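Common to both upcoming complexes is subunit A, partnered first by subunit B, then by subunit C.
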Partner chain A sequence: MTVPAPSPRAGDAAPVLSVRGLDVVFDRRVAAVSDVSFDLRRGEKLAVVGESGSGKSTLALAVLGLIDPPGRVAGGAIMLNGRDIGRLDDRALRSIRSREISLIFQDAMGALDPVKSIGAQLVDTLRRHRPGVGRGEARRRAIQLLREVEVPAPEQRIDDYPHQYSGGMLQRVMIAIALANDPDVVIADEPTTALDVTTQAQVLALLDRIVAERGVSVVLITHNLGIVSRFCDTVAVMYAGRIVEHGRVDAVFAAPLHPYTEALLASVPRADWPRDRPLPAIPGFPPDLAALPPGCSFEPRCPLGHGLDICRKVVPEARRFGTGAGSASAECHFAGERAARRAAAEVPA
Partner chain B sequence: MLRLILARVVTSIIALVGASIFAFVILRVTPGDPTRLILGAFAPQESVDRLREELGLNLPLADQYLIYVRDFLAGDWGFSYSTGEPVATQLASRFPATLELGLYAFLFAFVGAVVLALLAAYRRGPISDGATRALSFFGLGVPPFWFGLVLMIVFFEHLHWLPGPDGRLGPGVAPPPAVTRLYTIDALLAGQFATFADAAAHLVLPVITLGLFPLSFLLRLLRANLLDVSREPFITVARSRGLSRWAAFVRHALPNAFLPTLTAAGLLLGQLLAGSVLVEKVFNWPGVGALVTDGILRQDFSVVQAFILISAFIYVLANLLVDILAGFIDPRVRHAGMRR
Partner chain C sequence: MTPPARQPLLEVEGLTKSYPIRSGLLQRPSGELRALDGVSFTVGRGEAFGLVGESGCGKTTAARCILRLVAPTSGTVTFDGVDVLGLDAEALRKLRRRLQIVFQDSSGALDGRMTVRQLLEEPLVIHGLHSRAERSARVDAILELIGLRPELAARKPHQFSGGQRQRIGLARALILEPELIVLDEPISALDVSVQAQVLNLIKDLQRAMGLTYVFIVHDLTIAELFCDRIAVLYLGRVVETAEATELFHNPQHPYTVSLISAVPAPDGAGGAARRRIVLSGEVSPVGGGPRRGCPFRPRCPVGRDRRRCAEETPELGPAGAGHRFACHYPGELTA
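Let's look at the complex of A and B:
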């Protein structure tokens, strides 16, 4: 797959999804997501990356309004098509899910009800949002959807059950279900993690094609940076519940502003890495969300700021650097310095 | 599916044969002599020997068993040694009462458990959790005969809401024309609504008493399973498709949580239909309980054996039903052994 060209519509129109200052807490104290803001334009594919437990999946559920007690959205706004869906009641939220925003889950095997047929779950999704559509019509539409996600012999396979499908085929079904009611935004939470590499590539190529055809915006949650560079336009790096860096994929990957992003990129295994040298890893562990450091959450593991007073005591604010396509924002006290150095290096002598 | 049912039927028959052999042997090897039971302790040895010959008790055990099976299948279930009545007649007059009580107790337990478990798992909180736990501990721990007595003291003695321990019908109420021999159903079939009301009123307390344990058991099991399943990704995904939390619960969590519960329900159904001696005693229920305990005490082979066989049959039938039902609910069971 080539790096996708920016969609013609991307960038100019108002964002489809705009999250502002989102806080999600569990049990009052544990902030799983804190002060997260980002915009998603039509057709944009945003990657959310980070280690396990960094709040990626919680963010996904929060945007769908699916945080269950004891968790709750403690603050911020989630604007979808200009409406704050954080303020909607359950009934209104239900009609938005699948029609305006939908979810592709990481483990396709567990994401479908094992005792209901593929067709039943697809038809239910379709009819729920179009009460006027009859069973036969919905079934025809379901077969068409399965064909669109390249499930072979959809007329027969529609009556099969999840255990009769392979993992890759199930993930195709999940994509069909997620796109059944033409949503504007699809949140894909590690959609290919459970698949082998070949299937992964096929499913991603399929997702790529379908979202391009329909102009759907995608939030792709992953910890696979290879997928990010192949599939996404923009990337948000999460650490301890915060977005610590956010910008265009090419810019961020070429010159990360946040030391965490840099460390994350450095720890990607490469084919040309010498066999006898250990892979670089980020020292230490992600912090306990219930007992975050008072300053920068990354300070204890940071190669730049470890032990520095400012990093230990002051939470860095998100700042924007650069303009146009190369602009990025980062939450790091040293980001300005790094950005300036990068700009200086780019100026021809 | 058909293959599954066939396989189940075959194993069921094997289980029945096993049960019949077991019942036959165990009663034969226990000490005591049925001929003495019939003739009395002071009968001359010659008559005892003659009777042993007549009853076939001198034949090898295997031959005795085969003769017994042959007669049993032909509908000749033998005579009660103590009363001289045909066993089939005795059981036919008693079993419907036990069956009716057991069926309603099971329905009560099952429906109650499903409704309460759904509510308890859906509305979690200290009050609902505590109430469920209290109810199930009470139900699992309290002795049924005591609970039955307490119910009777409250609802019969003090409140006069429900009839006391006078069996299946009040004094002076005639049984409805026998069709199924289950009075509630027969009364409805005959259009005798007063009789139906009387039979139903007589059922309430014994049903609650007998059903409390299976209710609590199933409630605990189903609630735990529901809570497990409700954390599955497909519940979240179902809600992301636009289902309400309740709809996701009823349509997706319940069928999945139901499967492990079903097996337990089958065993409980068998147990309930085979009767409960103590509860029948407390309510003067003219079921098979007393008949069998007396039979055991008197070494009345034919009665006990027939009862064991019928109970085994009911157990096997209940489990067969469960397996078929599980096949209907779960495609993985249905497709087991089939190639794709």
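Let's look at the complex of A and C:
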């Protein structure tokens, strides 16, 4: 085992991962990710939220260098530990994956090899990057990893096959594999979406403990805003391939700057909602990426900007509001007004 | 709160479905798995009744038994006074007009080669209803009801978004003008922003058409918002049932309490104020439940180490009571 990294303090040191102006395009020049920038600090847990087609999973794959043709990274930089990994070849990328950055998939059953035991798959992962480690040593480490992710009786269960594990246990194995080579960054793509709510709570509690102990940074891709508020420090809200709002979870959720964020939060069912009133819904459907409106992508559904000239014609730029930890950025023509109102409502400390 | 004051439309009594567990080289039956174990509930006309639980709790098996898509091992299902399980094939086919189901994944339930118009007309054709012109008029009417422009009816399912496909699945059930619709996780596969739209539509339709719903859902919050009464299932048994608001705000069974606690709310304050109960273990129907005692005991923060929970299976409580729970130590766990 490596020594756990010192516990992180918000705002210190250079970011572990820094994405700048990332564009990912698919066939017929459909931009799945447009001009996306964000920083991830050591120990930070960033949520990337959005609905299907928002580009959140494409963003995750791009950061891992896993975009398959005809898709490609068309522009921007992905700096991992100070190095632009967007420019590395496949071999160099493979050596980085797992040791510096790794992925937890939503579908653990699909990600694991059904004809290899759990132990064999862990041992493979461990030895791929450390050929010097012997089989016996790797097996001991694999058992230790299973224990760390709270798989009961790991000495016995290491020789089981994936189908002998429950969904929750498989997701623990995925976490063990992702952390096997002590990466700096873990990308978790909807890691608990396929699980029952009580199992989901277990797996999240486990992931939370392990990343805190190891000082790992996490990018959590999810559509579940409740999980974001329970698990993450910061949140980036994606719509139609762009990050439309980005800031600390408590600040963004308490007073969202972007009307999409606000509408998304409002549409989460709440038990205290009056039963005889319709639930707040966002009208219309997420946009077709191949036929985006010329201005703000959210304009056709937006309660503030729908029909306004500026929103229909001009793509809003990302602007940062506030200073320090409470600051947030948003891509909305009205964000300035909303930020000013938010600042006025806050009692100065 | 009492059982439905309205006239019962659906009465389910002692519904049990068991599957043989086979093991060994010869796959000999070595035991049985009870997917449903004596489930009873009554749904009043015009009511929305929620069946809530996690995977393996038996909620989908219950739905299938109600429609007789699978045959239960024992128990009775009575729809508007008719014994559903005793019907012959022809009578069952007629009854299914009044009793429809909408699945979670409409894209899987809709034939991709058919246009929306054909898909919506098909149930009418199957049941031999109306003239061609009348069927066409009814398709137009139902399209309007679900908010789909008539010119879109020439398209095929894959040309629609998930939310629109779910509306089409709903329309296909509605076109027969049923009295009861079983909704099996109708919004689970949808994006958050679209979920509310579809829920609102389902609720509007209920009012407009006087529909009765059995709403199968894993999310207790959605059940609370949508349903009049709720039954929480665990390993094939009803562990708690009450009027929806009462169940959500005054849960007695530790499993209900942990289900409520497990769903995180999207705000720092709400999430932090509520206690987070993380259950140990998982729902494990195969060989998991103890033969004696409370089926929830292995995961229960309240009863795990108590003798009574290990020895005595708790019963649901008297049928006359509005709020019933199968627990020896109700109300001890609070969120």
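Methods note: the second predicted complex is superposed on the first by the 337 of 349 C-alpha atoms of A that agree within 3 Å, B and C clash if a C-alpha of one lies under 4 Å from a C-alpha of the other, contacts with A are read in each partner's own complex, and residues count from 1 in each chain.
Criterion: a contact is a pair of C-beta atoms (placed from the backbone, for glycine too) under 8 Å apart; a residue touches a chain by one contact, two chains touch by 3 or more.
As the structure is a prediction and not an experimental result, all values here were calculated from the model.
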Query raised in the report: Once the shared chain is lined up, is A:D196 touching subunit B (first), subunit C (second), both, or neither of them?
Result: second
Query - Dominant contact partner of subunit A by residue count, subunit C or subunit B - result: C
Query raised in the report: Once the shared chain is lined up, is A:Y161 touching subunit B (first), subunit C (second), both, or neither of them?
Result: first
Query raised in the report: Taking the superposition as given, does A:S229 touch the first partner, subunit B, the second, subunit C, both, or neither?
Result: second
Requested in this report: Return first, second, both or neither, reflecting whether A:A254 touches subunit B, subunit C, both chains, or no partner chain.
Outcome: second
Report summary line: subunit A partner, complex, touching residues on subunit C are 54-55, 161-164, 191-197, 199-200, 203-204, 218-219, 221-222, 224-225, 245, 248, 258-259, 261-268, 270-271, 276-280, 282-284
Requested in this report: State the interface residues of subunit A toward subunit C in the complex, per the touch definition above.
Outcome: 51-52, 166-169, 196-202, 205, 223-230, 249-250, 253-254, 263-265, 267-271, 273, 275, 278-283, 285-286
Report task. Would you tell me which residues of subunit B are touching subunit A in their complex? Result -> 232-234, 236-245, 252, 255-256, 259, 329-332, 335, 340
Report task. Would you pull the subunit A residues touching subunit B in the complex into a rising list? Result -> 61, 64, 66, 90-91, 94-95, 97-99, 102-103, 105-107, 110-117, 121, 124-125, 128-129, 161, 163-164, 174, 177, 180-181
